[in-house]
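Two complexes are shown next, each including chain A; its partner changes from chain B in the first to chain C in the second.
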Partner chain A sequence: MSPLLQIIGWPFLGMLLLFFVPRGRARIVRGVSVFTVFMSLVTALYVFIRFSPGQAGFQFEQTLDWIPALGVSLHVGVDGLNLGLLVMAALVAFASVCISREVKTREKEFYILLLMMTGGAYGMFAVLDLLFFYVFHELALVPTFIMIGVWGRGERRVYAAYKMAVYLSLGALLVLVGFIAIYVAAGAESFDIPVIAERLQSAPLSESTQSWIFAVLMFGFGILVALWPFHTWAPQGYASAPTPVAMLHAGVLKKFGLYGLISIALPLMPAGAREWLPVLAWLCVGNLLYCGLVAMRQKDLNLLIGNSSVAHMGFVFLGIASYQFLGITGAIVVMIAHGLLAALSFGLSGHLYNQKPGLRIGEHTGLLKEVPFVGTALIMAMLAGCGVPGFLNFVGELLVFFGAWGVVPWITVVCVWAALVVGAVYMLRAIRYMLHGTASNSGLNDINGAWLRMPYALLLGCLLLLGVYPGLLLRGIKPAVDNILPASDVAQVMNRGEVVDAMPITVGTEESGLSEMEGSENDSK
Partner chain B sequence: MELTLILPEIAVVVIGVILLLIDLWAPPEGKRPLIAAAAVVAGLVCICLFVFPPALGEAFGGMFVMDALALFMKQFFMAGAVLMLLFCYVAYDRLGGRVSEYGVLVLFAVAGMMFASSSNHFALFFVSIELITVSFYVLVGFRRESVMSLEAGIKYLILSAFASAVMVYGIALVYGSAATLSFDGIAAVEGGLTDNAVFLVGLLLVTAGLGFKIAVFPFQMWVPDVYQGAPVTTTAFLAAVSKAAGFILLIRLVFTAAPETFRQWQPLLMIIAGATILYGNLCAIPQRNLKRLLGYSSIAHAGYMLMGVSAMNAAGRVGVLFYLVAYMFAVMGVFMALYLAHGNPEKDDIESLGGLHLRSPLVAFSMTIGLVSLAGIPPLAGFVGKFLLIEAVVRDGMSATGGGHAWLVAVAVIGILMSIYYYLAVVRSMYRNAPDARAKPVSIHVIGRIYLYLCIAGVVIFGILPGGLVSWIKGVMTGFGS
Partner chain C sequence: MTELLMCLILFLPLLSAVLITLVLKRAAGTCGKLAIAAAVASFGFGVLVFAFESQWHGGVLLSVPWIELPGLSVGFGFLVDHLSVLMLLVVGAVGSAIHIYSYEYMRGDAGFSRYFAGLGLFMFSMYGIVVSGNLIQLFIFWELVGLSSYVLIGFWYERGAAADAAKKALITNRIGDFGFLVGILMLWGLTGTVDYDGIKNALSENPGVLGGLSTLTGLLIFCGAVGKSAQFPLHVWLPDAMEGPTPVSALIHAATMVAAGVYMLCRLSFVFLATPAWPEALSWLSAVTAPLVIAWVGGVTALLAALIATQQDDIKRILAYSTLSQLGYMVMAVGMIAPIAAMYHLTMHAFFKALLFMGAGSVIHAIAREQDIWKMGGLRKRMPLTFLVFLAATLALCGVPPFSGFYSKDEILLVAYGQSPGLFVLGMFVAFLTAFYMFRLIMVVFYGKARSAVVDKAHEGSITMTWPMVFLAVLSVVGGLIGVKHYLGAELAHGSVGESQWYLAVFAPFVHAPFIALIGLAAVVLGYISARTMYLGAASDPFPAGRALLARVLRRKLYVDEVYDRLNAVTQEAAAVFADWFDRWIIAGVCVRGAHGTTELTGRMLRLMQSGSLRAYSFWFGFGLVIVILISKSL
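And then the complex of A and B:
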């Protein structure tokens, strides 16, 4: 059995086991959940290590026939593109299951739903079948609504859960319609993505067909990723979600739309992409600038992080809209970086919120003195969020800007300004009003003990490690991205060989400048 | 010889008649075991129908056709009959001492449905509809002591009789213009009648009559009151099984009797489907009574299935049949859970479901699974059904002959969104609110428990592993229609 199937299988196995654990045995429930998710993480790391970067095409492939009458099969495989996402998903899922300790009521149901969500999230990154891609995402999405409604926090959780359910179901249904259209139009009687890709390569769809299918997919995926102006579900939804759910959804599930745009919409409908990507480029300004400005006005830490998370999606959209090598590579890096970062930030703010519901920025100062571990981790997360070098976010944002500059220079200028200035303003203000200053002795507890700190340290460590050595993540990404871009563009880049060669060097130069940055960061503490 | 072809129908009628006779002499305490015995015998017939499928062929001069489609539908109806008899056994207290009479009527209605699935002639078409409908007149108003049930019975009687009258008038007009009642005969002369107003009006009236039976817009007015007033078993039977009979008749009519005319009427069917989806879902949103909500949502489901018929391709018919199977398991599970959750027959509001998961986790879970499947959320069977139907419409829209059907797909998507909203509201009230202090603990008979497991299993298995059923239905549909 392919290790990818094992990664997907562990959480579902855990879920089945939990059905037979008697109610009230919370320790066993937790044990089973942590163990199965840990096994997935180990398997994902094994795949990451054994992956051979030079090889084109998919690795660890396996196909199980599912609905032969419709050409649906459980086809799994990884290439440079989804490998990093899969590992990121495994890390975030492990961290969020570990910190689910905060849930004290009806643990059994909670963990069953959480494992279902986790399994769906692994599945959607590992499968190469359109229908399974959709089904796994939906499998992860439905528990989200239930968990926000039942275990959520705040007065408005029911409203938030409904809003999220309506928005995200609309997005998902649009995506489904797009997938069905691809399936029918390709005429291959198969949902297998490589088969459809091959078919469409030899017989591309007419431009008008490509155009409408791409539009349906772009807006469907866009709603799922909180593309401006369809983003209003996100901040409120995350603020109302239980911490592990916010971590998993913002970190992992939201990447479904971006991954789908990159790996399905772009390669299958290049003509449609060329028509619609300029629109996407303009909309991403809405994400970066508008949501950044909204984030500036937030007084609630959760809403601040939620809005900044929506704003960060703008980078990925910009990278996709650039439709060339550096931009798309950058988009993938930002996706992974944002996944780790969002999980970290929501985990930390959840820890604070559980002790002081309705914690507002400015009410409590000096958190760094009072809760040093949480404060330090939060300050690092916020610095990563405004793109300080040394964190993986910086690498991705830089690549996106390099990529987009040649394509949409003016939009890039606005985005750079929005990201660097607006982003820095709200993050630094939050640091100043919450973390610095005199300790207000509000009775908050720090996270104590190595075991409890481990999930946060894990996420932070990965952000830093990959930020220092992004080459680890970018192994094997080139053939995958080349596959996505239209053949003519790839040839063009090949001719300008220096662009491709320059990339590892850009990455290398960051490393040298890194130690100083880290030093200055330590000073600021 | 031709009688061997209608052996399944004969078996069902004979079980019904014997049940009726034994009932005359059975003591009051013997009625419940009697219905159990009937369920067992019907189960055996059902198994025989699957294991030793009867030979295919035509009987009575082509009036009665036993093709793969008819066989599939008979198996479906027989399974529905078994589920219904088991439901009657469990919901004994709702039907009082007359439970075996109820079982007899269910069996007669099922016999009508089995004839309907084989009808290839307007005479059999009408007779089988009447057999179904007349049984339902009694089933709907069965709880004589309840005003609501009687009111529902009268409403159903008047409106249904009116619809039958319209239909029979339509059949007369068709006969007047085509000079034959046989579907094959009509199809043969249809080419010359495409601009014959009498023929077209006749066909339109027949379609309207059928539209009443499957409750599509604008013939859906009876549904909410009847669903709410009828005993819960009848409501389940109406929703899950009777609808299927309407659809099999529609499929026969559309694809065997007058394929060309209906191909031209495709926009009409699509508009009706879209309006039905919107009407059903919009009206379901504000409902506070669960049976009424399910009534409105069943209108919407009829709209989805009509969408599959209106796609006019094999994929659409496959989708309709799959949807019927998925729908039956989900609806039967939901109504059984509804019956078990409410001690009081007059009280079916959603509020009183509050805290159901504390009173009985199994009942709450099976209701959740059923509703989520009805909402079309993967990986349950309802999703696969909706997927197949939407795929069929997109396929027709993108084929050379069809126009773009983007609006219908958009309507379906909006409808699904609305249905997710109101189904999840029910789920939420079950899991979030605290139970009413006066609510009785739920006691589940072992048969009820098995029944719920069966429904959950059907919805989950056909959702996760739909491959077998889909290829089976595809096999059934090959060679049918144009």
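And then the complex of A and C:
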């Protein structure tokens, strides 16, 4: 059995086991959960180590037929693109199961749902089948709503859960429409992504078909990732969610939309992409700048982190919109970095909010003195969030900027401002009025003991390790990204001289950047 | 061998910082000793690299690929040449002295080990800037220096002022870095590489390679230096940064970090040699070139900071404004394409300014952390050694021969004389102001009578505080004569600067350009006399009498902070308020709730139809039937 199937299988196995554990045996419930996600993590690391970077195509592949008549099969495989995401998901899932200790009611049900979410998250990154891709995501999404409604915090949690459910179901529905359209239009009688890709390579869809399917997918996926202006579900949803759910959703599940855009929408519909990516480039300003500004005004740490998380999605959108090697590579790196960081930040703020619900920034100062471990980790997370080198986020943001510079220079400039200045303003303000300042006897407790600190240290350590040595992550990414970009662009990137010539030498108006894109589109015709 | 030495220089401080943070946190004394050992060892290895020059030939050593992607390859390596070795020595020498000095100064502080971890992180980042061979590596360490400065300014983070200052410093630096990063992107976009050598080659092959963006690129790169070297209009963070511990002010906010901007400009001076040009739409600006802007920004900073320094009462703030003013000189020199003069002054300034801060620290340490000069007085007798080294550093700063500052400042004024009469006059006036505010400080602090009780109990610190000061005092006195300029000249000037004997070097400025040296000296003497007549024995500041308005404007630092606060409130902060309002009421309110409400309303209305009354159902059935018939007939 492919190790990928094992990664997906462990949490589901754990879930099944939990059905038979008597209620009230919380220790056993926890033990089974931690053990199964740990096994997934180990297997994921094994895959990461054994992965051979230079090789093109998918590795660790396996196909199990499911509905042969429709061409649906459980086809798993990894390349440089989803490998990193899968490992990130395993790390985040492990960390969030570890800190689920905070849940004290209906533990059995909680862990069953949490494992279901985890298994779905692993599945969606590992499968290469459109239908399973969708199903695994839904499998992870449904428990999210239930968990926010039942175990969430705050009075508005029911409204938040509803809002999130409506938004995300709408997004997922659009995605489903897009997938079915692809299936029908491609006429390959198969949901298998490599098969469809091969088919569309030889017989591309007409441009108008590509255009509308891409638009449906872009907005469908976009809603799932909180693309501006469809973002308001996110900060509120995360603020109301129990900590492990916020960690898993913001860190891992949200990447479904981005991963889908990169690995499905872009390669299958290049002409549609060229038409719609300029729109995405503009919308990403909404994420980065607008949501950054909104974050500046937040008084609730969770809402601040939520808005900043939405803002960070802007980097990924910008990288995708650049449709360049560096930009897309950067987008993938930001996805992984953000996954680890969002989990870390929500984990830490969750620790504070469980003790003091409704804690506002400025209500208690000097927390660094009172809760040194949480304070230090939170400061590091916030610095990572405003792009300080040493953390993986910096690498991703840098690559996105380099990728986008030649395509949409003015938007890039605005995004650099949002990243370097606006990001620093809201993060440093939060540090100043929460962690710095006179200690105020808040009565908050720190996290003590190596075992309890481990999940946070793990996430932080990974951010630092990959940030210092991004080669670990970048090593296998090239063949995967080459697959995503149209063949002509890849050839161009290979020859650096040409790329420099193709770059808009004069940073003129926005139109010049966009006409550059249209120009190359004409060339490709 | 040089590779190994460079690795040790760079990573020893980081290693000590990591060890302190993770392992040794609780053993404060060991932390301090470890950090000192790391700093001194780094300096020692730097000296070895300097001594065994035959082992290296300039260029980037040991370049390890960090990002290796098509279109962008970034290496991590060590750039070793005269410029970087000189800077390594400066950072190492001042850094070691400060480490030793801090051991006593910071003793008993609850965050003793955190302090040394911060210093270690800083030394690592600073060395990193020095040895970078490409723009990305530079930018990474550039940001890390900003970060370590944030950590150290906010060292006493429980004090509101310190926490505010740390935040302000990092955000202001980030504004400069915004321009810097855009400039880097622009350079990469136009030349296709981020390596210094690659860009330099591209420019020497074709000076017009930057096209219409050449001036803009130069200015954006300069933005980085404006932030880090605290030039006008981003100078506001440096005076506030004095909230950090005094040794930190000496090392980071006087000698090294703030000099990083000048170092970067010298390093990248080839960018400013590109054919100046503006984009079409801005061609009416063609008279403005990047070097011209740089020179005047430097000049204006030198002047404004010196003016403000004359009316400050906090001993560290006076020195901070003095630092700004001297950095202005250096930037001015860079703008006049005289990187040797800039680096020369940078080196000398590092010695004497660090020393001034250590002297100030020694005073502050002795009189219970009091920083107001009007509460000091008469300290000359109580702290003779501090007085002597402080005086030596002041003479060096003012530019009195044969102290070090004289030679480097003379060099800059000489260039200005040849290139721009306006800047020359400005430079001379600043020289006068420098002497004025420094001797004002000396007259008030060290002469006259004690103005508060604590002063009577003042005494010198222990040997770990005094010896580092003496070490730097020696460098401040003889620094101008040890051949720094020649060492740089071999690197930066094309062709060698003639060697000469040290005893000839003492008088060299008077021989080469006696006019300038003498005017410079006259300005200093004038400044000294004015300060002496006004402040010797004064009980309070006599300056505001009759000049109330001027004094108030200077005391309020020209109201720059107030203007920025207002500016921020009506721009970014207003945008944030609007965005927040829009998010809350328009998107989440009108749109989302509106859609929600419309759906709900429709549902409620449809519910009314389900009344359960058979009569109503049959009525609606008949009504529907009629409608259907009507429609089908009309078709």
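Simple rule for what comes next: the second predicted complex is superposed on the first by the 496 of 525 C-alpha atoms of A that agree within 3 Å, B and C clash if a C-alpha of one lies under 4 Å from a C-alpha of the other, contacts with A are read in each partner's own complex, and residues count from 1 in each chain.
Following the convention adopted for this analysis, contacts are C-beta pairs under 8 Å (C-beta built on N, C-alpha and C of every residue); 3 or more make two chains touch, one makes a residue touch a chain.
Keep in mind it's a predicted model, so treat the numbers as computed, not measured.
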Under the superposition described at the top, does placing chain B and chain C together on chain A give a clash or a fit? fit
Classify the contacts of A:V158 with the two partner chains as first (chain B alone), second (chain C alone), both, or neither. first
For A:T438, select first, second, both or neither according to whether it touches chain B, chain C, the two together, or no partner. second
With the two structures laid over each other on chain A, which partner does A:T329 touch: chain B (first), chain C (second), both, or neither? second
A:P194 contacts which: chain B (first), chain C (second), both, neither? neither
Which partner, once the models are overlaid, touches more of chain A's residues, chain C or chain B? C
Name the contact category of A:D65: first (chain B only), second (chain C only), both, or neither. first
In the superposed model, how near does chain B get to chain C, counting Cα atoms only, in Å? 5
Share the list of chain A residues that count as touching for chain B in one structure and for chain C in the other. none
For chain A, which residues are in contact with chain C within the complex? 163, 229, 232, 236, 290-291, 293-294, 296-298, 324-326, 329, 366, 368-369, 383, 386, 388-390, 394-395, 398-399, 401-402, 405-406, 409, 412-413, 416-417, 420-422, 424-425, 428-429, 431-432, 435-439, 470-471, 474, 478, 493-494, 496-497, 499-500, 503, 505-508
Mind listing the chain C positions that touch chain A in their complex? 65-72, 136, 139-141, 143-144, 147, 154, 157-158, 160, 163-164, 166-167, 170-171, 174-175, 177-178, 181-182, 185-186, 188-192, 211-213, 279-280, 572-573, 575-580, 583, 587-588, 591-592
Can you list the chain A residues touching chain B in their complex? 65-70, 72, 131, 134-135, 138-139, 142, 145-146, 149-150, 158, 162, 165-166, 169-170, 173-174, 176-177, 180-181, 183-185, 209, 212
Touching residues of chain B toward chain A in the complex: what are they? 372, 377-379, 383, 387, 390-391, 394-395, 398, 406, 409, 413, 416-417, 420-421, 424, 427-428, 431-432, 465-467, 470-471, 474
